[in-house]
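I have placed the structure first, in the form of C-alpha cells, so that the comments after it can refer back to it.
Chain lettering (A, B, C, D and E) follows the sequence in which the chains are written, and residue indices restart at 1 in each chain.
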Amino acid sequence: MTIQKEFELFIGPNHPGATGNMSYHIWVEGDKVKKAETRVGYLHRGFEKLMEKRIWMQNVPLVCRICVPEPDVNEAAYSMAVEDLMGWEIPERAKYIRTIILEMARIGAHLLTVGGIAASLGIYTAAQWGVGDRDYLLDVFEEITGARVYHIYIWPGGVRWDLPKNAKELITKVLDYLESRLPLYDDLIMNNKVFVRRAADVGVVPKDKAVEWGVTGPNLRAAGYEYDIRKLEPYAAYDKIDFEVPYYPKLGEYEVLSEGSDIYTRTAIRMLEIQQSIKIIRQALKDMPEGDVILKHPQWFAWKVPAGYAYTHVESSKGEFGYFVVSDGGKKPVRVHVRGPSYTHGINVLETIAPGLNIADFAPTAISLDVCPPDIER
Amino acid sequence: MITLTIAIFLLGIIIVGLLNRYPKAAGVIAFFVSLIPFFALLSWSSVMNISLPSYLHFLNFETSWQYNLGPGTLILQITPLGWFFLLLLSSLFPMVILFSISFFRSNAGGFYAAMLLTMLGSFGILLAQDMLTFYIFWEIMSWSILALVIRGGDRKAIVSYLSFGALSAMLILFGFMLLYFKTGTYVFAEMHLDASNLVLAAISLIVSGFAVKGALMPMHVWAPHVYSKSEEPFVAFLSGGLSKLGYFGIMLFMYGVVGFSLLSSWGTFRGVPLFGYTLAVVGAFTAFAGTVLAVMQDDLRKLLAYSSIGQLGYITIGLGIGTPLAITGALFQALNHTFFKAVLFLAAGAVYYRTGKYKISELGGLGYKMPFTFLATLFSIFALAAIPITSGFAAKWLLYEAAIEKKFLFVTPIMLIAGVGAFLYAYKILYGVFLGEPRYDVKEAPLSQLVPMWILVLPLIIFLIFPGWFVDLTAPILQGYGMTAIPHTPFMINTSLAKYNTLAVIFGFIGTLLFAFILYKSKPQERVEHLDNYLAGEPPELYNYNIAMHASSKYYEPFDEVFYPYFKKGAERMWEIILAAGEVFGSGARKIYTGIVGDYSIYILLFFLIMVGWWLLW
Amino acid sequence: MNHENWSKLARIMSKRSLWMIHFCTGCGAMEMPPVMTSRYDMERFGMHAMATPRQADVFLVTGYLAVKTLKRVVQVYEQMRDPKYVIGFGSCTINGGMYWDSYNTIKDLSKYIPVDVYIAGCMPRPEAIMDSFLKLFDMIDKGEAIGWQKYHKYYDQYKRNQRMAFSYRLDEVKDIKEDDKE
Amino acid sequence: MVNYIDLTIQILVAMGVTALGFAIGMLFNGIARKITARIHNRVGPPIYQGYIDVLKLFTKKTNISHGWIFDFAALFSVAGIALTFLFLPVAGVTLLSGEGDIFLILYLLAIPALGFALGAGASGNPNAAVGIMRALMTMLAYELPLVMVIIAMMVYYDTTSLAVIVQKQANMQWAIFIPVFFIGALVADMALQGMLMEKPFDIPIAPHEIASGPMVEFGGKHLGALMLYKMMGIVVETTLFVDLFLGGGVVLSVSQFGWLAYLVNFIVWFLLILFVFFIALLINAVFPRFRIEQALKFYWKYDAIVGILILIWIFVGVTI
Amino acid sequence: MMAKELFPEAQEIRKGRIRIETQKDKVGEIIKKLKDNGYEHFVMLSCVDWIKEGKFELVYQMWSYQYKEHVMISIKINRDGESMLSMRHLFPQIETYEREIHEMFGVNFIGNPNLKEFILEGWPHMPPMRKDFDTEKFVKDFYYKIPEVKEE
C-alpha cells in the first residue's frame, strides 16, 4: 500500500478563502503547498455561445454579467469593439461620462479587493468598511443609471442618457467622503505592522516572468512595469486627463518595504489607484463639455455591423479586459471572445507560484491577484 | 531463598534458551519465572512498613544475603529505595514478557533468556550493598542488554550502545576506584567520606556514568538509536524499567552514600547544593531539548525515545533540587514514566504487529479499529502530558512546587514549557496513528497484548485517586536520608505553597462530565462515513472516493522550521570549536570529526579524564 | 416541556439565529456583501456567514447554477443539518432568467432541491433580500418553511432529477418520461 | 461523618455557579459581537444573541457524528471548562479546593483543549488537523511569557495558590500597581490575546485559510457544546487575568460587610473581566492574524524577553 | 522591430491592429519572432467557427507594450478533426487557452498533455461552442423536460 504524503485541501467553492465560485485544489505536506490546481467552470453560462444567438444590441445586457464586481468595463470594451467595426466616433461628452463611470467602477472594485485582501489576512473591519463605503458609490450609480450593480449604461455609440442635473454634486460628495476615509484605510491596513509582516514578500510573481506569463493591470504594475492601457492606448477621455500610473517602486506615500510584486505592493498599488481615480473623476467632471451623449442612429435593433475583426481592450481594476469581436456583416456577431485578466492570473500564474506557499498565504495570494472567476469561464 | 531464586533464574534462562524453536512455550516459562521478583518484592514489603496479609506469609525471602568472593564479599540486602525501584521493574517485567508471547512468532528463546538475565542483573543492582556487587551486576545487566540490542540488528544502534555503555561503565568504575582509594572499603555502610575534592570528583564521575544510562542530555545520543531499532517489548522494558536504574544509582550515591549535608559542603545556592543545582539545570535543559526533538520526529519509536529523554529530565530536576518534596516528585515521576512509557511502547508494538509500520505519517485512523489500544494509549498520554485525570499530574505538580519553593526562577518556566511541548508530540501520536483518515482495515490487537497494556494503565489510575499512598511509599526512603515525608492524607498532598486535593478534581470532573452528558444526550445523532466530510462542497465521488485527508506528514512543519536551525547550528558550532582545537595538534587531527558515534563517546571520555586529572591536581 | 412547546421554541430559536452557508454560487453573491455590512447588516437578525455546511442553517443559492455547481450545491445541501432552508436568489433560479437558452445552467431550482423562498430580480436589491429573510422568518414561525421535510419525503424524485441533470443525457430524460406514463 | 446537607448545598451551588458561568459566557459572546459590529459601522445582533445561537444548536433536528471519539470531544470540552471554572477564585470565592492552585488550573485548561483536539482529529478533516496543529503551537507560544510572569508572581507572593494571591491583593493592593507587574500584566495581556484566540492570534480558526479550522466538521449539538466551551473559556481566561493582576475583583472584605461584599465583589469582578475582554476585542478588531511561526517568534522573542527581565527583577529582588 | 517590418505580408486593420494570415506550420516561428522583437505579451488565443467554409480559425493575439501594437496571427484548419501543434512552450498560458478550445470546439492540440476537462464536467455531446450545436434545442429537450417534483 503506497501512502501519499501530501493531503488534499479544497479551497472553494464553498470556502471563505475562495473569491466567488471557484475552487483551488491544493496538495499540502506539512504546512507547505506542493501543488495547486485551479478548478473553474462552476459559473459557466456559455456567454460566447449566447452572444452568437443574439443581435448586437441584445448583447449589451449580457456582457456586463461577465465581471460582477466591475461590470462597466465589459460594456465599455464591447461597445468600443462595435464602434470600432462600425467606424464610429462617439460624442465628446459621452467619452467623459464613460471615463467617470469606469473610474467609479474601478474605485468600487478596488475597495472590494483591498477589503478582501485585508479580510483574508484577518482585518474584517477593512472588508466591512470597504463594502460599506462602496455602497455609497452604488447609490450614485443608481442615481445615474437606475441600477446598483448591472448598469447597462454604456452603449455602442455613447452612453444611454445624459447624467442627471445634480450628478456633479452627488459624485463630488461621495468622492469627498471617500477621500476622508482613505487615511483610515491606510492606518488600518497599510501602516499596520502585522499586515506588513504578513503581506511583504509573500506570494511573489517573479518580475522577469510577469509579462511573459500574461500578468496585467495592478499586478503587473506591482511587479515594476509602468504599463497601463489607459496610457498606452487611451480610450474614452483618458488622453485628455492628467493622471499618474502608480507602479513599483513609485509607491507614493507608502514605504517601499519589499522587493515588490507581493501582496503588500499589490495592495499599495490598489490604494494609490483609488486616489488617482478620484483625481480623474474630479478632472473629468470639471472638463466635461456639453453636448450629445449618444450617436443619433436610426435602427437600434437592425444594425448590420461591417465584416471584420476587432480587438478592444480596457484597463479594468483587475487587468486587461479585452474583447475580440468577429463580424461577418450580419445582424449577429460571429464570435465574441472575452479575455479576462483572471484567466492568466487565476490559473497559470497562481498554479505556478503556489508551490512553496504556506496554507496561510495561499488564499491571500489568490485574493491579492484579484481572481474573479466569472471572467475565466464566462 | 535468594540462592534458590538465582538458581531458578539461571535454570530458566537455559531452558528458554534451548526452547528457541518453540516461542510460545518459552514465553510461558519465562512468564512464570518473571513473576518471582514480584513475589520476592511482596515478601520484603515490611521494609516499607507494609504488613503482608496472612495468606502470603509462605513467601519468605531472606532480607540479606552474603557471598564471599575472595577479594571482597558480595552483599545483597533489601533497602526501601531498592524496594521501590524493584516495584517498578518487577511489575513491568512480567507484563512485557506476557506481551511478547503473542508478539514473537519465532526465534524468541534468546530474547527471553536475555530478558531474564537482564532482570537478574537489575535485581542484583537494586539489592547491592557494596560497590563490587553493584558493579558485577551492572555489567551483567549491560551485557545482556547488549545481546538484546544486537537482536535488533542495527549496526548504528549496537555501536552507539556499546560505546556509551562502555563509557558509562568506565566512568562508574573510575568513580568507584576513587572512592575505594579514599575510603579503603567497598561497602557503602562502612564508607566515611569527607568534603574533599576527590570525593567530589568521584561522585561527579559516578553520577555522569549513571546519567549515560538515564539518557541525560549531553550523553543521550545512544538512546534514540537503540530505542528505535530494537524489538518493541524490550524497548518498553528498557525505557520504562531499565532507564530507572540510572536514577536509582544517582539517588543511591548522591543521597545514600554521600548524603545531603556533604553535598551542601561543596557550596550551596539558596539552600540547594551547587552540585544538585547543576544537575537540575541539566535536567531542565534535557526536558526541554528532549521535548523539542520529540516534536520533530516522524518515527513513532524515535518520538517516544526523545519523549523518554525529556520525561526523564524531570526526574533529574527532582533529584537535583533534593528537598523531600522534590525527591517525592522525582520518584513519582519515575513511577509514572515506568508505566505510561511502557504502555506507549507496547501500544506502538501492537500497532506494528497489526500494520507493520512505525512511521507516523504512514499510519492513521486506527482509533476506531483498535479502540482498546487507543484508550490505553490515551490514558498513558494523559499521564505523559500531566492532564489532571491521571496520576501524571501529581508528579509534575510536586516537581513544580519544589522548584517554586526553592525559587528556581529560570528552571521552572523551562519545565512548564517542556510540559506544554509534551502536548504537541502527544497529539502527534494520537492524531497521526489513531485519528484521522482510516487507512488500514485491521483488527484489534490480540488479548494477550491488550491485557498487559491495561494492567500497566491501572497504577496510573490508582495513584490518581490515592496520591497519599504513594507518599507513604516514599516515607521510608526519605527517612533513610534523614528527611521526613511531605504532609498528606490519602487524597490530599500539602506543601508549604498549596494543596492538591484529588477528590475535588475527580468528583468535580465526574460531576461536570455528568452535566455535560445530560446536556449532550438531549438529541439523537447519526453516524456518517469518513468521506462525508467538509470538502469545500466537492463531492467525493468525483474523485472516486480517493482523497488523501491525513495531514500527519511533517505535522509540525512551522515548529520544525523555527527550532531546527538552532539545534543544527548549535551542534555545528560545537564541532567547529573542536576542529579548531584539533588544528593545534596537527593536520591529522582533522580526522576527529568522523561522524561515528563511537568516536564522539571517546571524546567525551577524554574530556572527563582531563577534568578528573585537573581535579586531582587541584 | 411537551413536544409542541419544544418545537415552537426550536422554531423561534432557529428563526432568530439563521447561519448562512458561505457559498457564492452565482453573480447574485455580489449583493451579499452589502447585505452583510453596515448598510443593511443582516447580523441584526442574528444571521452571519458560516464556512462549513455542518454549521449552517440557510442556503442562499445566489443566482444561476451551472450543472457543475449544482453537484456541489446538492452535496452541500445534503451535508447541512435539519432544519435547513433554501432561498432562491434572482430570476435565474426561478426560470433560468436571461440564461434561459444556456446549455449549462439549470432553469428551475425547485426541481432539484426544495426552495422555501424565491426572490425575483436580476439582481435582487438588498432590500429585497432583507425582505426575503423576514418572509422566511415568518414562514418558520408559522411552520411553513418545510423544504427540508419535503426533501426527505420526495427524496427519490429529487435524486432522480439531480441524476438526470448531472448526466446531461437527453435519452435519460425521455426514458423517465415514459416510465412516468406507465 | 459527611454532612449530607452541606454536601447537597455545595453541589447545588456548584451547579448554579457553572450555569452562571455559561450564562456570562454567552452574554459575552453577544457583547463581543455587538462591539465588533459597532467598530464595523454596523448595528450588530442583539446582546442576547449568544443564548439564541446555543439554544438553536441544541434544538437542531439532526446531528452527525464521526464515531465515539468525536462525541467525546463535546463532552470533554464542556466538562473540562466547567471544572476549571469551579477551581478558579471568582470574585474571591472558590468552590472546589479552596486553594485554587495555578498549576492545576493551567493543566485543567488543557482538558477541554485536548478533548476538542481529539474530536477534531476524529472528524478526519485535514482542515481540522491543521487547525489543531496551529492551536497547539499557539498554546506553546503564549505559555512561555505567561508562565514567566506567573512564576514571577508566585515567587513574589511566595505561594502557588491563586486564592492566596487574590487574598494578598486585598484592600486594593493590586499587582498591577507594582511597576514590575504592570509590565507583567502587559505581557500577560498579549498572552491572553492568544489564549482567547483573538487576532492577531486567531490562527487556529482562520476561516480564509482553513475554513474555521478544528470546528469544520462540528454541527448541531456538538457545535453547541463547543460554543459553550469557547464562551466559558472567555470567562475563565479573563478571570485568570483578573485574579492575577486585578485582585480578582475583591474590593470589600467578606468578614466586614457580609453578603453585601459578595454582591459588590461579584459586580466588580464582572466589570473587570468585561473590561479585560473589551481590550482584547479592540485589539482583535484592527489587526490581521499572524502566521503561526510569526506568532511563535513574537511570543518567544519580544514577550519572552520582557518576561525574562521580569524574572531577573524578581530574582535580584528576592536575593537582596 | 515592428510587426509590419518583420512580416511584410501583415495587413494593418487600423492603427495599432495588425493581422497576419498564415499557415499552421509557420505559427510557432512567427510567435517566436514576435516574442523576441518586443511583442512580449500574449493576449489570447481565440477560435472562430466558420461553419460555411468548414474551417476553424485560430487567432493568436499578441501585444507589444513597446510599439503599442496588437497582432493577430490567424490560421485556418479544417473543422473535421484537423489538429494543431501546441504552442505552450512559447507562453505558458497558451496551455490553458488550448485546453479551453479543445473542450469548447474539439480542436486537438498535439503536444499539450493537459487537455483534460476544464470548464464542463461530464459533457457527453459535441463541443458546445461549435456553430452546429443548437443550445436552444438542447435546453428545450433537456432542462425543460426534467419533471417537476410531484407532491401528493
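Quick note on the criterion: a contact is a pair of C-beta atoms (placed from the backbone, for glycine too) under 8 Å apart; a residue touches a chain by one contact, two chains touch by 3 or more.
Note that the structure is a prediction, hence the values are computed from the model and not measured.
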Chains touching both chain B and chain E, listed by label: A, C
Distance-to-centre winner among chains (Cα means, whole assembly as reference): D
Chain centre separation (chain B, chain D; CA means) in Å: 34
Centroid spacing, where centroids are CA-atom means, of chain A and chain C in whole angstrom: 30
Distance from the mean Cα position of chain D to that of chain A, given in whole angstrom: 44
Where chain B and chain C are represented by their mean Cα positions, the distance between them in whole Å: 59
Chain A: positions in contact with at least two other chains: 7-9, 13-16, 18, 28, 31, 41, 44, 46, 49-50, 53, 128-129, 132, 358
Numbers and ranges of chain D residues touching at least 2 other chains: 40-42, 59-60, 62-64, 126-127, 130, 133, 207, 211, 216-217, 220, 291-292
For chain B, residues contacting two or more additional chains: 532, 534-538, 542, 549-551, 555-556, 558
Full enumeration of touching chain pairs: A-B, A-C, A-D, A-E, B-C, B-D, C-D, C-E
Contact set on chain C toward chain A in their complex: 21-27, 29-31, 33-34, 36-39, 49, 51-53, 64, 66, 68-69, 72, 76, 98-99, 101-105, 122-123, 125
Residues on chain D engaged by chain A in the complex (per definition of touch): 36, 39-42, 126-127, 130, 133, 199-200, 202-203, 206-211, 285-292, 294
Chain C residues within the chain D interface of the complex: 6, 9-10, 13-14, 16-17, 37-38, 41, 43-46, 50-55, 57, 81-83
Footprint of chain D on chain B - complex, ascending: 270, 365, 367-368, 374, 378, 382, 385-389, 393, 396-397, 400-401, 404, 407, 409-410, 412-413, 416-417, 419-421, 423-424, 427, 430-431, 435-438, 497-501, 504-505, 508-509, 511-513, 515-517, 519-520, 522-528, 530, 532-534, 536, 549-552, 555-556, 558-559, 561-562
Chain A residues within the chain C interface of the complex: 13-16, 18, 20-21, 41-46, 49-50, 53, 61-62, 65, 68-69, 112, 127-129, 131-132, 134-135, 138, 148-150, 374
